[in-house]
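Provided herewith is a single structure, encoded as structure tokens, for subsequent inquiry.
A, B, C and D are the chain letters, set down in written order, and residue numbers restart from 1 in every chain.
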Amino acid sequence: MTIPTNYFLALSGVLFILGVLGVLIRRNSIVILMSIELMLNSANLAFIAFARAFEAHTGQVLVFFVIAVGAAEVAIGLSMIVSIYRSRGNIDIDQISQLKG
Amino acid sequence: MTTADLNVALPFIIVAAWACILLVIDLFIPADRKGLTALLAVAGMGFASIPVLLRFEESNRAFNGMIVQDGFSSFLQLLLLGVGVISVALAYDYLQRRKIVKGEYYTLLLFSVSGMVLMAQAGDLIIVFLALELLSVPLYVLSGFAAKSNPESEEAAMKYFLLGAFASGFIVYGIALVYGATGTTEIEAIHNVLISGVSNLGLLTVGAVLILVGLGFKVAVVPFHMWTPDVYDGAPSSVTALMSVGAKAGGFAALLRLFLAGFPEIAANLAPILVGVAALTLIWGNIAAIAQQNIKRMMAYSSISHAGYIFMMLPAIVDSDIAPDAISAALFYLFVYAVSNLGAWGVILALERADGGGLSIDDYAGLGERNPGLALAMALFMLSLIGVPPTAGFIGKFFLFRVVLDANMIGLALVGVITSLISAYYYLRVVVVMYMRSGDPQVRSERWLNATLWLTALGTFLLGIFPGPLLNLASRTGLFGLVP
Amino acid sequence: MNGAATRDLFALAPLIIAFPIMGLVINLFIGRRLSERWVGTIASAAVGLSFVTALLQFAALQNTPDGIRVMVADWISIGTLNISWALKIDSLSVAMSLMVAGVSTLIHIYAIGYMHEDVRLQGDPGRFTRFFIYFNLFVAAMMILITADNYLMMFVGWEGVGLCSYLLIGFWYEKGKDGIGNAIAGKKAFITNRIGDFGFLIAMFLIFWTFGSLQFDEVFQSAEGAGTTVLTLITLFLLLGVTGKSAQIPLFVWLPDAMAGPTPVSALIHAATMVTAGIYLIVRSSVLFALAPATSNLVALIGAVTALLAASIAVAQFDIKRVLAYSTISQLGFMVAAVGLGAYVAGIFHLIAHAFFKALLFLSSGSVIQGVERGLHDSGQTNHETFDPQDMRNMGGLRSRMKITFWVYLIGGLALAGIPPLAGFFSKDEILADASENSTLIYILLTLAAILTAFYIGRQIFMVFFGEPKSEAAAHAKENPPIMTVPLLALAVLAAFGGILNLPTLQSLSKWLQLTLEQVQHTEFNVLVALLSFVFALAGLAVAWRVYGSQRDAADPMRRFLGPLFDLWENKYRVDEFYDWLFIKRYKALAFTLAEIVDWRFLHDWVHDTLLARTFQRSTRWLAEGFDLQVIDGAANNLARLIQGIASRLRTLQTGYVRNYALSIFFGLLILMSYILIQFSS
Amino acid sequence: MSTQLILFFILAVIAILSAIGMLVSKNSVYSAMFLVLNFVTIAVLFLLLNAPFIAMVQVTIYAGAIMVLFLFVIMLLGTDMAAEGISMPWQPPIAILLSGALILEFAFILFFAQQDVLPQIEAISAAFGSPQSIGKLLFNFYLLPFEVTSVLLLVAMVGAIILAQRETG
């Protein structure tokens, strides 16, 4: 096995930032939710890589928890999006901006 | 797992289990008698406080260091359970008025409180993360509780949820990096690795910063605060009351424990930037509040500024001589802030009308004539939030500033003093409008609400005059394994 | 009296504060159901009992001259910090509380009659009770300030009296110029005082930082050990607090506007008691000031200059209460100068004497105003909106119409002018004698101020009481009922014979205060100085008589004589406008200049058009507009507007877009990371 | 260069490209599909890192269940082609600029400034990452977090029902 941990770390870092970028530039709230999932997943990659490097299972178990939390967030988020679509007819995040000032 | 483990986790277990049971019981309670659910929720939190009180000053680790019990956690758990009880009392009449009565409200509130209670004990980053989610997810839902009748509530929920999930993404990634740097997620173990010098400082620092960003979002410090005014404004007021105190206290519990017990050395490296965040928060929160016409938005900025005051303790804990004082000052201030702030929200709830009106500061005109008691209470809360002696807020601020001065952060102390002078401007505007303008405010008077107001007003006043017992309690609350 | 009895008496000390609080609580809860008579009686009795308690303390002190610390309860006790609710009963605090409680009692009684009329004239009788609640609250706070045993408790009282002052200035908040004049006056007082409070707070933190304690005795004991620099800093910040509360340069602008409050308020708070808190603070901290000679000199200079400046402004005012307001600032200047010179006894002596005669003058002026207003009512005239019952140009000839008021006013005026044997002569003379020994500059400034004092008070008396009535209202003016005139008579007696307190050679007050203050200077009675000041006072009065004694028309003859100087005085040296110019205009100019420079340097450069200049101009304009929001009326309000401007700018950043908020979080992270980067790479 | 390394690079490129694909797709169904691809790629990386159990969880729960939920909602709402007009034209360029800056800072701190010594990946026993070992850890050492997770999922369920339920009666 010759892949340095750094490579995984770098990949996960890039994926994390791409996820952040998705939240910053997309207006479709479903895609924003997906981007947040991508952020969580990049963290998972880092966890697994470190777990492998430390030869400890801890990191793998943590991923398990992160996936569970991700699922919970998706459930809440999607039902919120459905309810917003019902009342407004679209899910454009920029149109949800009545509260300001 | 042993009985001892369970004993330590008892407050959390009671609240969470009670919430699960209540979820089922509520199904059998008819819609017009949801007051019973509220009462049961209060009872649950009451029970949960018993083990806290019984073992207030014990120090224990449990579940392999996942949770710890110490004076710090006990103090915060008591505070949070109290906040939960008061939030139920505030919500009861409000929900009926706004016609959003659902038994799940109290259940979700209980779940959120269970997350806060767990957060106070968190001894491991994974618990920090899970407790944070457990306290936040119900709050996301509660923010949207009035969504059917009020699109603003829906908007608040969406904003809070998206940004909250975004922030927790940062926390998770931060935890991953901290794990990568130290090979562990247990807070004390992180510190052991750190002082033994085998950690990777770069990874650890970046991880700490990412966690700081995520928790900074929860407690609403600048520049992670932007969600606060919109969410506080849109969410049902009774939820906002809980959010402004409970979520903040939970976030600070994690921040303080992490930076003191986990990586004080990193905190020392970051001290200048922590000072900067605190100063910016104080300035922004206090100045932006001045331009607000809506009292909920004003209170939102006020809560940002108070987060700034407590955040001043973060760079102060770097010095191990000052750390105990800093912790007790933060705890005391959290308590005082909770009492005064919940009281103020109680008054806001009493004035909010069924159609969601009555939230402009101008709507408070004439309150001094119409309802002197309520106006007096509000004036007291405002004075306490400014920090005018001899109210509780003054003692709290005094104590905070003293710690800041002890830590030789004169500049920060100056910013704190000046901004609290500025804050008088917007808080007193409410007082002026109440007493010096005539109007016809519609005031709701209800047993639970009034009881809460009496209690908080009395607390605000008495804690200003006899802060001794609480100060003693706060100063005896060491952190596990660190401060005696 | 044996020791046990003395201890029992001392145990009563908290009642000094408790009685007014009881009074206000009673009125707060059942005041609505009581008649005005009862409300007033309860409030006055509460203060009267407080006075009796102070008298008992006075008696008890005869046995225990060193004073005593009366513990009430532990307040804050954390680690090394230990602050108790304790009262410091010594000769200084007892002297002050006797004066405050005594004068307050008389003014409370007077206010029963005055407010009875006032609430009806202003059209809201419901506020009668509220007035006395505020009034009692004020006395309680003032007593906390005086009897405080440490700086923190003093600050509690300091804030409390400020709050009451603010509430009472805005008592008729919906009245005044354009319906918000009084509210603005209240706001101005509030903001100016906050600047002063800020000084006090910082000083307090410095004291704690240096000495590790806030208790007077502990601080003073270790004061010698502290460095001069830090002591100078502490005293300078204390001085800032003093200039705010006691209306000295540069923070004196609020006091004249504070006359918007009802007249008893002006008499009690803005003349006799609260404004003297600053002087009390300096005397209390005399140990610190004595060790910081630089500050002491500055204190003396500020006092003397304020005394002269305010006296000159008073010459050119037409509002009867404004003249007295500037006179108060000027007299406070005398006291500040005295304590700056180290003449603490003289300062306190003048403080007490001034409380007597200035309260008398204010209350009498209130009597005059109500007399004129009643006259206006009786004369059947209908120009209520335009007629100003406080303008001295509408008065004249009241001597025969309001006899009692005239006589007491005359006594108060002569005391202020410093005519022997009235109280003001002895107290002012002691200050002048001190000044003549220590500093010629201060002496000259104060003497000039004294001459002007005699002149403006003469001008006022002649304009108001002598000559012919200059309006129908004045012609129909009538004397007030005994509930108002009796307290006036009592105060007149005090103003006339107050000098007995510290007659030359007897020096009873000096000996009394010496029990508390270590560095009491003994100033020998200086016959030459006394004679000179008497002659100057007479001269001032004589000139006033010459100019105003037989004046018939409303125009002021001095305007022709002094020309532009008179305008300058009438416009209060344009200080308000100056502050505006100093703080606001400078900022705008700076922003504008910066924008210009950038514009020039990058001319014809693509960077200029596309990026730098536009961004820069936009940001400077952004700031400039935020700061520039039509500001004319006073520095304090401008400061507030400036902050409001920034606030409304911050509002526009709150766009409501989730993505913006996320960007702000991300941006925050970037800043944090940049910091780490810099730290790691260096 | 070992085959594993080559495999890693291929997978990394696919992961990054699919993430970018998710970002830029106008159609949100495509976004979802790209994300599935990304998740599957990462699952393969998990396998490379001796985490077969987690890789399986990743594919079944994430790529399977959760993404199907996403697709279901997209189809239900019919918002696959939601308008992406320009409302804040300056936000994307700033966001991209800042992201670039952050990546650079990140790389510099982690790989150059500090020279952290990360543990290297070496060969280990095949039993590492087996369901048994993870299960043991999960139900012993991590019992409390596991229970907290179950409460959290319950809360999410209740919350989702409350949010999405229509007003009845």
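Quick note on the criterion: a residue touches a chain if its C-beta (ideal position, glycine included) is under 8 Å from a C-beta of that chain, and two chains touch if they have at least 3 such contacts.
As the structure is a prediction and not an experimental result, all values here were calculated from the model.
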item	value
Partner chains that subunit B and subunit D have in common	A, C
Rounded Å distance, subunit A centre to subunit B centre (Cα mean)	26
Chain centre separation in whole Å, for subunit C relative to subunit B (CA means)	41
Rounded Å distance, subunit A centre to subunit C centre (Cα mean)	62
Chain centre separation in whole Å, for subunit D relative to subunit C (CA means)	67
Where subunit C touches two or more other chains at once, by residue number	651, 654, 656-660, 662-663, 666-667, 669, 673, 676, 680
Residues of subunit A touching at least two other chains	5, 9, 19-20, 23-25, 27, 33, 44, 49, 53-54, 58, 65, 69, 72-73, 76, 80-81, 83, 93-94, 96-101
Interface hub residues of subunit B, defined as touching at least two other chains	126, 130, 133, 137, 140-141, 144, 147, 157-159, 162, 166, 170, 180, 183, 202, 205-206, 229-230, 292
Arrangement of touching chains [line / ring / star / complete / other]	complete
Subunit D residues within the subunit B interface of the complex	106, 109-110, 113-119, 140-145, 148-149, 151-152, 154-156, 158-159, 162-163, 167
Of all residues in subunit C, those that touch subunit D in their complex	657, 659-660, 663, 666-667, 669-670, 673-674, 676-677, 680-681
Footprint of subunit A on subunit B - complex, ascending	126, 129-130, 133, 137, 140-141, 144, 147, 151-152, 154-159, 161-162, 165-166, 168-170, 172-173, 175-177, 179-180, 183-185, 229-230, 233-234, 292, 297
Subunit A - residues contacting subunit B, complex	5, 9, 12, 16, 19-20, 23, 29, 32-33, 36, 39-40, 42-44, 46-47, 49-50, 53-54, 56, 58-59, 62, 65-66, 69, 72-73, 76-77, 80-81, 83-84, 87-88, 93, 96-101
Residue numbers on subunit B that touch subunit C, as the complex places them	158-159, 162-163, 166-167, 170, 202, 205-206, 209-210, 212-213, 216-217, 222-224, 226-227, 229-230, 269-270, 272-273, 284, 287-292, 325, 328, 369, 388-390, 394-395, 398-399, 401-402, 405, 413-414, 417-418, 421-422, 424-425, 428, 432, 435-438, 465-468, 471-472, 475
